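So, here's a batch of structures to check.
Next come two complexes built around subunit A: one with subunit B, the other with subunit C.
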Partner chain A sequence: MQLNIFIMIVLVIASIWTVMTRSLLRAGIGLALVSVILAIVMFRLNSPLAAVFELSVCAGLISVLFVSVISLTQPYSQQEIADRMKSMFTRFKYLPIIVVIVGLVMFFMKFRPDLTLPVPQAEGDVRNILWNFRQIDLIGQVIILLCGVFAVVVLFKEIRKNAR
Partner chain B sequence: MHAESLTLLWPFLIFVTMLFIIGIYCMLATYNLIRALIGIEILIKGVTILLIVVGYITNNVALTQALVITLIVIEAVVVAVAVGVVLGIHTHKNSLDIRNIRNLKG
Partner chain C sequence: MYSALVLAPFFCVLLLNMFFRGVMKKLAFGLALLLSLTQIVFAIFPQTYNWAKFTYIFSNFFKFDFVADNISRVLLLCIGIVLSVTVILARGMIKEEERRFNFINLLLIVLAGLNGVVLVKDIFSLYVFLEIAGVGSFILIAFDKDMLAFEGAFKYIALSAVASIMILISIALLLLFSGGTSFSQINVALKYSAYGPLVMVAMGAFLCGIFIKSGLMPFHGWLPDAYSAAPAPVSVLLAGVVTKTVGVYALIRIAISVFGLYQPVQNALMLIGAFSIIFAALAALGQSDFKRMLSFSSISQVGYIILGFGCGTTLGIAGALFHLFNHAIFKSLLFVNAATVESQTGTRDMEKLGGLTARMPVTGLTSVLASLSTAGIPPLAGFWSKLIIIIALWLSGNYIYAVIAVLGSVLTLAYFLSLQRNVFFGKLREGFSSIKEGPLYFTIPAVLLAVITVGVGIAFPYILNTFILPVSNIFGG
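Take a look at the complex of A and B:
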């Protein structure tokens, strides 16, 4: 459990770095790092299938999308980026202080944390639950994926038309 | 939820709250659309951790894994559509600053 807490601390630090880093590209890579650490937490909490999904989709696909959109949209010169980042840093400088204060306040609240997690008992198979008990979720996923595909096709078609 | 479960959940709840603060602060403090998207992503990561930890503590890991897989699929679609919208805005305005896209504001 102490190792879980240590990994969660690393996760929060990586998130703060992702938000506060000056380069957008580094922010995208930081988001992938956050996903990898989250996948480690999932593996440790007995959720391997969700961890594999997190690792492949969030750390892989979404990072590629972010890096692509960042490289496609760089309208400023390096000097302009540096100037903008200075003002951004002044806006974000209170974030670590707020996060640490909230963490300390919650730590010293009346609940004493128990650092021993229960041993997981035998539970239903995730495939069985997903296919037999959560079929509506699967239908929803298919509908959302189709909507996403249509939305992306329409948006990119419009961009291409405007580019001409 | 039992008091014992809440005691087990509490350390993780602290970190989930921190992630929520980071995500909301990122969305509020930035003027860049891509950074706002990153803030949304961090909020979703917080929800994912909360689901996984609650499933572990209440011994419903399979059910929460199914929910997390659904959440990840929705997250990927949201990001793909948002990236398309960001690219469209960049094509029209040649900028990713949210102060330049307030045409619909009353």
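Take a look at the complex of A and C:
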């Protein structure tokens, strides 16, 4: 249970970083990281199929989509990158102190994570439920994916042509 | 049988994109129009035996638990009518075949989403279909890829995401509480619960989410930008059915089938409805952009629907549903008029327009009809629906809300008269002497929608007995 809470805290920190970071690419990678941590939580909560979906679709497919779209945009100039790095270092200068304080607090509170993974449930049940009881939601997910494909075609196709 | 309404658009998208794309690009318009017209016929004559013959393939393979009562049929009809208008507008306004093809594909996806929202009876499936309709709409708003369109779409995405999170939290709480996600299961669990704090949080979160999606004041931040920046066919679709289905219908369905018409919920609905009516009408008075004024007018009219529904009597619910239908028709008509004016004159700024009726008689006449109907002038359709709502409020003892509804109607008349005076009446402005009436793809939908508005108003006694009063019989539907 304690480990779950620890993972949740990491999840929140990763999501805050994803939202706060100023680089699109890092935000994309941050999103993938959040998905991976969420997948770990799902594994620990006995939902292996949901975790696999989360890993494959959110951490895998969507990250690839984001990174490929971001690669189509214009990068910063060298001077801008240097300025960004500088401002980033000033923004995060207190981070090591915060990490040390959190570490000390956890040490004194005798935080001992339980690292054993739970045994996954039989997967057949979940698949059975998905197909027999949530068929309509599955079709809905497929339609949303289709919609995403059209979004890329409609909104980015011309930009790609120009880039060439 | 109802599963076909969701699956047919989905399979059409697959069909259009899989084989012979060259031929399919030419067929896309016809296919979309056929689907929407079929939906209109189906919504009017749902009992006909032959439907089952066409749709048995779907029902053999897919076991969806869909239901349609009288409210769903009203919505299916609205979706069918507004979608056909949108498809016709898109056919004329989007000149490039490739772009039009993509547009129609997205329209079909939104159609599947909207029909799904109308037909599901499971709260999680409802969420899934809300998202389908929402995501399709974001892309359609940004379709022209100009700065304002992106801004409108972004605001819609951002606020819609907040709404989605609230709805998801509510669904999670309700699942914890009742052990299931079907409407009936949650409803039964709530009946035996005496509305504890957990349930109140779930209800509040759900209602706030839905208020954002329906763009009611003070949750309306995204709506004027999204409506006015979207391409003309998309504005018609958004104002006509998208916000009504994902917002108002979802609210009505959840309030009736899940939460029950519980007094605090009713009070919240009436308060938000009355607030939207007055403040959106005041905001509309101050607008100089044609489409922006219509957007604020939409918020105000949706307020009437919510107010009528919130009073909770069968007459109030019937009036709300009738106004929902009427508003879908006349607001689509006004957005078609706005599109015609913009395409012929190149501007939406009402300060720069004037005297257009002389050059555009069909647009001028239809817009007068739609404006008068919105303001509730007899014998047009809008008058009857507003009258039913006001009578229902009065009979249920909500006298103040009834007075607010009447005042709102006066304000509506004021801003629409100002719109008519600035755009269509008076002396023709310089530089507009060579302007002609819009092409057929503008005038045909406008005339059809105006005929529905006038026809429904004149045939009201017949419609009252055959459609409106049965609509209120929702608890047995």
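Operating definition for what follows: the second predicted complex is superposed on the first by the 88 of 164 C-alpha atoms of A that agree within 3 Å, B and C clash if a C-alpha of one lies under 4 Å from a C-alpha of the other, contacts with A are read in each partner's own complex, and residues count from 1 in each chain.
Basically, a contact is a pair of C-beta atoms (placed from the backbone, for glycine too) under 8 Å apart; a residue touches a chain by one contact, two chains touch by 3 or more.
All values reported here derive from a predicted model rather than from experimental measurement.
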| item | value |
| --- | --- |
| First, second, both or neither for A:I144, with subunit B first and subunit C second | both |
| Subunit B versus subunit C as contact partner of A:L155, first or second or both or neither | both |
| A:Q135 touches, of subunit B and subunit C: first, second, both or neither? | second |
| Touched partner set for A:T18, first subunit B, second subunit C, both or neither | first |
| Partner, of subunit C and subunit B, that touches more residues belonging to subunit A | B |
| Doubly contacted subunit A residues - partners subunit C and subunit B | 134, 137, 140-141, 144, 147-148, 151, 155, 158 |
| Subunit B residues within the subunit A interface of the complex | 4, 6-8, 10-15, 17-19, 21-23, 25-26, 29-30, 32, 34-35, 37-39, 41-42, 45, 48-49, 52-53, 55-57, 59-70, 72-81, 83-88, 90-92, 94-96 |
| Parts of subunit C lying in touch with subunit A, wherever the complex brings them together | 6-7, 10, 13, 62-65, 99, 102-103, 105-106, 109, 112-113, 116, 120, 122, 124-125, 128-129, 131-132, 135-136, 138-139, 142-143, 145 |
| Parts of subunit A lying in touch with subunit C, wherever the complex brings them together | 132, 134-137, 139-144, 146-148, 150-151, 153-155, 158 |
| Residue ranges of subunit A touching subunit B (in the complex, touch as defined) | 1, 4-5, 8-9, 11-12, 15-16, 18-19, 24, 27-28, 31, 34-35, 38, 41-42, 45-47, 49-50, 53-54, 57-58, 61-62, 65-66, 68-70, 72-73, 75, 88, 91-92, 95, 98-99, 102-103, 106-107, 111-115, 117-118, 120-121, 123-126, 128-130, 133-134, 137, 140-141, 144-145, 147-148, 151-152, 155-156, 158-159, 162-163 |
